[in-house]
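Next up, some structures in structure tokens.
Across the two complexes that follow, chain A remains constant while its partner is chain B and subsequently chain C.
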Partner chain A sequence: MTKRYGMVIDLSTCVGCQACVASCTTQNQTPYWDGKFRTRVDDIVTGSFPDLSRTFVSQLCNHCEDAPCVQVCPTGATYQTEEGVVLVDQEQCVSCQACVAACQYGARYVYTPEDVVQAKSVYGEGNRHSVAHVDKCTLCYDRVTGEGMEPACVTTCPGQARIFGDWNDPESRVNKALAAAGDRAHRAPGSAIAYILPAPSQKELPPPDPADPLWVSGWKGYVQPAAKAALGAAVGVLAVATAVNLSQKKAGEGDHDDE
Partner chain B sequence: MMTSKPKGKVFRFGLGYRLAHWNNAIFFLLLLLSGLMFVFKGVSGLLGEAGVVWADRIHRAAAWPYTFLTIPLLAFMAGKETKEWLKHVFTWTKDDIAFVAAFPKALFNRNYPLPAQDKFNGGEKINSMLTIFGTVVMIVTGWTMALSQYLGPQVMAWALPIHDVTAILLGAVIMGHMWLSLVHPDNKAAMPGMVNGYVDEHFAKHHYAKWYKAMKDERSAEAAD
Partner chain C sequence: MSNKSFSRRTFLKAAAVTGASLSVLGVAEVAPRHAEGNEPASEYEWIPNICTMCVNTCGIKVKVKKTGNLTRAVKIEGNPDHPYSKGKLCARGQAGLRRVYDPERITQPLIRVEGSKRGEWKFRPATWEEAYGYIAQKLQAEQIMPYEMAAAGGWISCAFYRPYLMSFAFAMEIPNILATPMQHCVMGEHLGLDSAVGTFNVHDEIVADYDKAKYYIAMGANAAVGGIATGRAVRYAEGKKAGSKTVVLDPRMSEMAAKADEWIPIKPGTDVAFALAMMNVILQKKLYDVEFLTKHSNMPFLVTEQGGMVMPLMESGGAMGMPKAFYVYDELSQSIKQIPGFPANNNLVDIEGNPVKPALEAPAGLQQNGAGVTTLFQVVLKQAAQYTPAWAASITDVPAETIERIATEFGSTRPALIEPGWHDARYSSTTQFRKVSALIQGLVGGIDRPGGWVFIGGVREVMHNFLEMMKQGQMPSSPLQLPGLFSPKAALDMKFNNPQAWSHGHPSVNQAWNQQEWANGRAGVGFNLYTDVGYDEAIKGELSYDGKPYQLKAFFLSQTNLIRGFFGWKEMLTNPNVKLVVSIEIGPSDSIAYSDVILPDTAYLEKYDPFFEVGMSHDLGYTTRIPVIQPPGQVKHTIDMFYEMAAGFQKDLLTPMAGMFGWNPAELKHEVEVAVGEGKGAVYGIQQYQAHTIAHHAHTTPEKVMESIRAKGLIEVEHRDELMAKWSMPYQQPLSTPSGRFEFYSLFLANIVQQTGIPTLEGNPLFTFVPNEFKPGMKPGDALTEKDEFFFTYGKVPTQSHAATMNNDLLTAISEKHKDAYYGVWLNTQRATALGISTGDRIVLTNTTSGQKAEGTAFVTEMIRPDTIFVPAAFGGEDPNMKQAYGKGTPFSNLVPRRHEHSVGNFRASEFTVKIAKA
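Up next, the complex of A and B:
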């Protein structure tokens, strides 16, 4: 069975230390000088005074099934691996940012030409980012598939609030952790990232469930197919018209009535 | 004024007007072909990484003459003709409507009678209108996307779908346009009008009877002076 890589983030364990952000930055050589990160930790306060509670909500790309960012990418630079990991082919990306607009998790940013220049001096000539492109979390795909390691953020997390694994394997750490969390477990359908809530009632803490924005579902679901059908119909009509016209004789051919 | 005209030919389009047409045609086709991969994703797979990079470069380069050359050519080299064209295109007579209504039948029957037309027939008027509006839409949405790094990613949410769908529809329009000028046995005679400016007198008389008659009347009036 193919793997479906994913992560569980235990919100009751995360202390907001930002070690995941730091390790991700160095592992993936991201442009921290522009305030751009592949993962972030939101500091969320809920309740009303004096009954307040504070939670650190770690966020990263949800690696959605049938992700809208993949649907809108005009060049096919954004794609999904068979393990469900959403990746960007840097060479094919033209930095149009359609995927940035389609993502509701704020998980994408542009690695600009200026960032590429800066990256050379910070991370060295042979760094991972040789051209401008849209950048995002890869679940450390190379580390995981190539070196058999866990993502950098998972390895680094001092409280082990981040748990990595294969959703398709019932014995994997993600499935076990989520099962052990009981009614505090929260995994939206189509999500690769699941959360363990501090309390069962705190369903507002994790990021929203995967969904296509209206402009994506309307465009890709209806308007573009209709336009393509119209184009196809035009091709068909012209093909038939060509056959008909070339087989017909013009009445009065050669009978030029010019004065 | 038309004394130097070739025998049996009728003058139809001036140099500036023709240059504007071909500037628009060449760069539109370049944009359409280089943009194919953006609409049909299989194309970018066929092109490969280097192909995508080159298609993107061509697309961005062709956008400049497409945006900034056609209108100056029309305005400064063919001002009078452009005015005449626009006036024709946005003036609809009963004969234009009758032409459009009869066109689907004529498309499959070479001998189907069509009503007498002025300099531009109803179909050409529709083609002109779709081209004018479509070009404006493509230019506005295209440059919006090209500048999205300054405008923010949210503009992509409307600019990209509109650009994409308008491109597909304009692709259908230009196919019909090219088919009529290159394939259709009775309409191919229109092509020289856009190449050297002259069409066959016989063709003009049969395809643009009102225009031909007006020209004849004008000429005999000139001769009478």
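Up next, the complex of A and C:
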């Protein structure tokens, strides 16, 4: 059976230590110098002294089943693997940011040409990001499928608050963890990321459910003018991106003989 | 286990498969996708190492990318084979690559430019020969004697290199070792607790069994678990998943408090009152573990009370100067019996070998040698009776019913766990607070049992070896071979406080200062190992010893951030009496700007190292480092610098080193000389030598030892279960207390009080309430009445803790996302509103007693008591060379006066109030 990768985040044991954020950054070589991260830990405080609660809520791309970002992508750079993982083809992406606007989770950002330059000095030559593109969580797809490891945020989590697995496998850790959580379990339909709430009543803590499909299909018509404008602006970005890409390829020509 | 891992080729293969299947599904036409990973042909390898971003020493594995001749560390992960951190790693550990590849790293020796002042950061690059030459020339020109020098170590020294720093000091005849960071971290917060269980450095020697406890109370510290200590957080999360209840006492909603089932926003600095009331309730309701108290504690010991002082009845002349016998009331014979002292570990046999059933309560009117005697238990009952929940309520601002309920829940749940502490708040009361915490843990019998305070493997082994030596009538040759608290005590008595132990006839500055204090009718400091007392007097020329001035003129600082972590050092290091300051460091810190010479150190991924015990592990094993990447520029290993500097002065580093560890000096010397000859440095020779001693210990070969290190990062000797089955303490082996039992009355503290005359308030061998003095005349329970005045608290946040994490651009970027809470001064909303202060406003903090000031940015929040402010302590960089750290947060140490309590010289760094005003 096809896999459906996903994650359970146990809010009762997340200690807000930010290890997931740091691990994701170094694994995926993301532009932290610009304040951009693929995952984050929100610090949610409700109530007033002394009757208050503080919860750390880990957030990442929801890898929606019917992902708006995939639907709006004009070049087809954003796509979904058969395991439901939403990925971006760096070379096909023109950084038009339609997907950034379409995502209600704030899970996407632009890896700018300047970031690509900076990445060389921070992560070294031949790092993961050779061209400008829109960047996002991949559920560490290459690490999972290629190295047989769990996503970087999961492996490192001291609170063991992040649990990775295959939703289509009843024996997978995600299904077991969610089942064991009873009425604290919260998985929105169409979402690959589920949460275990600190208490059953705290349903407002996780990010909102994936948007209504109607909203998604209506999106293109509704925001089309904006998307077009973005595409116009993207021509400039594209030119720079192409230039960077070309120079990168030139510099690294000899590096591709392992194909 | 090092595996060649994922390369671009495999990824493209995976992507192609994905593409094909997507086509089949008709989702989209996807040619071989190129989502990520445009990488040239590279080979990858995972190499184990030890994290050195904070003191937890978690195990790591580093992914190294080799492209042609280029080697680069590209990812750090937790080492799944590491028994403490279990494959997990916090944000600081994950950001280690940015420590190693810090653009501001110091990669060559620097000498301060002639005519500049310390602190100005005017340095010129130099060669090693020049740097060493400068040091030698300065010492000679100023005719600086060895006792006029001090060697200071920071936490890296504490975690890894303390014996090597000591070897350097001993080789050079320097009696002054500072920091490393004994008084601050170890003794300042642990001594009270250590005195009950016999540990020397509890955070290294006990790791609480958070995963198995059913009830956990955290008091006095956020960083001990949540702030974050990864190996502890891992266990805590496991316990929480298993349904353990957590109660957190903290004036603010810390990371730990956020996880609590119950958060009690206690008034700052009053934990000791809460803990005393818990003791009261547990005793009154008889919720204690009778068997543990009777068999393995000194509760049944007979004592006399004279003039308010408790004195156990005992016979002197036992092993190592410890008492030979104690007295109990035997219920079997209904008479008083003598039971043997250390190394006995229980009260069930008398000195003649007959069975004894010691009474917890002696019959009324019991006498010994004409004096009335009772059991210690009876004294404890009487002493604790005054600390009622109602009394504590008036001090702690916690309702009496809550205190009583928590104490009752704790006392009636097994296993229950109280936090042993780490990075505690610092008050006059800290020693007694942690002592009472230990006594509570002892009352419920939670010592070295699952779910309680469990000793690490090495503690048991040192005790075992010591007992074996005793059996054979041998004496340990070095304090390092002594278990627990005996070790630092011996180091003090035999070496640092002993003028005869040095050819120049001077004890440490600490001891000279103590004697000066005593001569002037003042208390001094009771336990003065590596303590920052007397240093300012010695620098200023206000200290004398034996009728002559005792002045400090030269400092060797090894990765210690005195300016940030201690108090008053800017003034001290810029005093013209100080002729030489040498710093060993990796990157910029607030302190090294105050040096004359900076010697660049290797970072953790770049070096060979000696072997260390696998840190903070219940298992017994050894670990070391092999280089993951090449060191940059001209950096050298600290130990190589010690070796070379000592050699430059015709001193031998290796003899004191061998003596300290009980190594064979000739074999060590041989290995080191070979290594130095091959250009690998002295430290490589030490590792080679130790590979042999450890192989012997682990019943294997040196080659197998190194093979295991390369594969798993460690070599295991024995596991927790095996160790607990044969060497549990005090069930099979004694504790390292003078009685060998769990001590409710500490003979160790009694000895210190007797020797040094420190106030029995702070160093009370039993337990007592210590009222903190937040400002002159202020009494416990008094409220603050001024509109702009607050109690001061400080602590850690998860992304920042040490100089190693301070200038890290990744950690800074993450902190920026939480900058209000991480950099800001926490102020309660209601109070801030009254002062017209909003989040983001610049504010000035003024110490109401000393007048010291610091600036910060307000974080207005509901998450703190209205009468308290909180300052995240690890920010506040003042050196512009730290491009990341400079100007962020509040330099809290600028608010703290050089003022200490008397048991260990603990700086009372939280014990004052501040006034807040808009800047």
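As a working rule, the second predicted complex is superposed on the first by the 210 of 259 C-alpha atoms of A that agree within 3 Å, B and C clash if a C-alpha of one lies under 4 Å from a C-alpha of the other, contacts with A are read in each partner's own complex, and residues count from 1 in each chain.
Assume a contact is a pair of C-beta atoms (placed from the backbone, for glycine too) under 8 Å apart; a residue touches a chain by one contact, two chains touch by 3 or more.
A quick note: this is a predicted structure, and the numbers were derived from the prediction, not measured.
Visitor: Is A:Ala185 touching the first partner chain B, the second partner chain C, both, or neither of them?
Guide: After superposition on chain A, A:Ala185 lies in contact with neither partner.
Visitor: Which chain makes contact with more of the residues of chain A, chain B or else chain C?
Guide: Per-residue touch count on chain A favours C.
Visitor: Identify the partner contact of A:Glu91: answer first if only chain B is touched, second if only chain C is, both if each is, neither if none is.
Guide: both
Visitor: Please indicate which partner A:Val100 is in contact with in the superposed arrangement: first for chain B, second for chain C, both, or neither.
Guide: After superposing on A, A:Val100 lies in contact with chain B but is clear of chain C.
Visitor: Looking at A:Val116, would you say it contacts chain B, chain C, both, or neither? Reply first, second, both or neither.
Guide: A:Val116 contacts neither chain B nor chain C.
Visitor: Where does A:Val57 make contact in the superposed view: on chain B (first), on chain C (second), on both, or on neither?
Guide: The answer is neither, since A:Val57 touches no partner chain.
Visitor: In the superposed arrangement, which partner chain does A:Gly76 touch: chain B (first), chain C (second), both, or neither?
Guide: A:Gly76 contacts both chain B and chain C.
Visitor: So in the superposed three-chain picture, is A:Ser130 touching just chain B, just chain C, both, or none of them (first/second/both/neither)?
Guide: The second partner, chain C, only.
Visitor: Go through the superposed model and pick first if A:Gln160 touches only chain B, second if only chain C, both, or neither.
Guide: So A:Gln160 only meets chain C here.
Visitor: Quick check on my understanding: which residues of chain A belong to both its chain B contact set and its chain C contact set?
Guide: 76, 89, 91-92, 248, 256, 258
Visitor: Once bound in the complex, which stretches of chain A touch chain C?
Guide: 10, 12-13, 15-19, 21-23, 25-28, 32-33, 35, 37, 40, 43, 45, 47-50, 52-56, 76, 79-82, 87-92, 122-131, 138, 141-143, 145-147, 152, 155-161, 248, 252, 254-259
Visitor: Considering the complex alone, what residue numbers of chain A touch chain B?
Guide: Touch list, chain A to chain B: 72, 74-77, 89, 91-92, 94-98, 100-102, 110, 112, 213, 215, 218-219, 223-224, 227-228, 230-231, 234-235, 237-238, 240-242, 244-246, 248-251, 256, 258.
Visitor: Which chain B residues qualify as touching chain A in the complex?
Guide: For chain B paired with chain A, touching residues are 8, 37-39, 41, 44-45, 49-50, 52-53, 56, 107-111, 145, 148-149, 153-158, 160-161, 164-165, 168-169, 171-172, 175-176, 179, 183-186, 201-202, 205.
Visitor: How about chain C: which of its residues touch chain A in the complex?
Guide: For chain C paired with chain A, touching residues are 5-12, 14, 18, 21-22, 25, 27-30, 33-42, 65, 67, 70, 72, 74-78, 87-95, 97, 101, 225-226, 228, 230, 233-234, 236-238, 240-241, 253, 255-259, 263, 265, 798-799, 809-811, 813-814, 816-818, 821, 828-830, 861-866.
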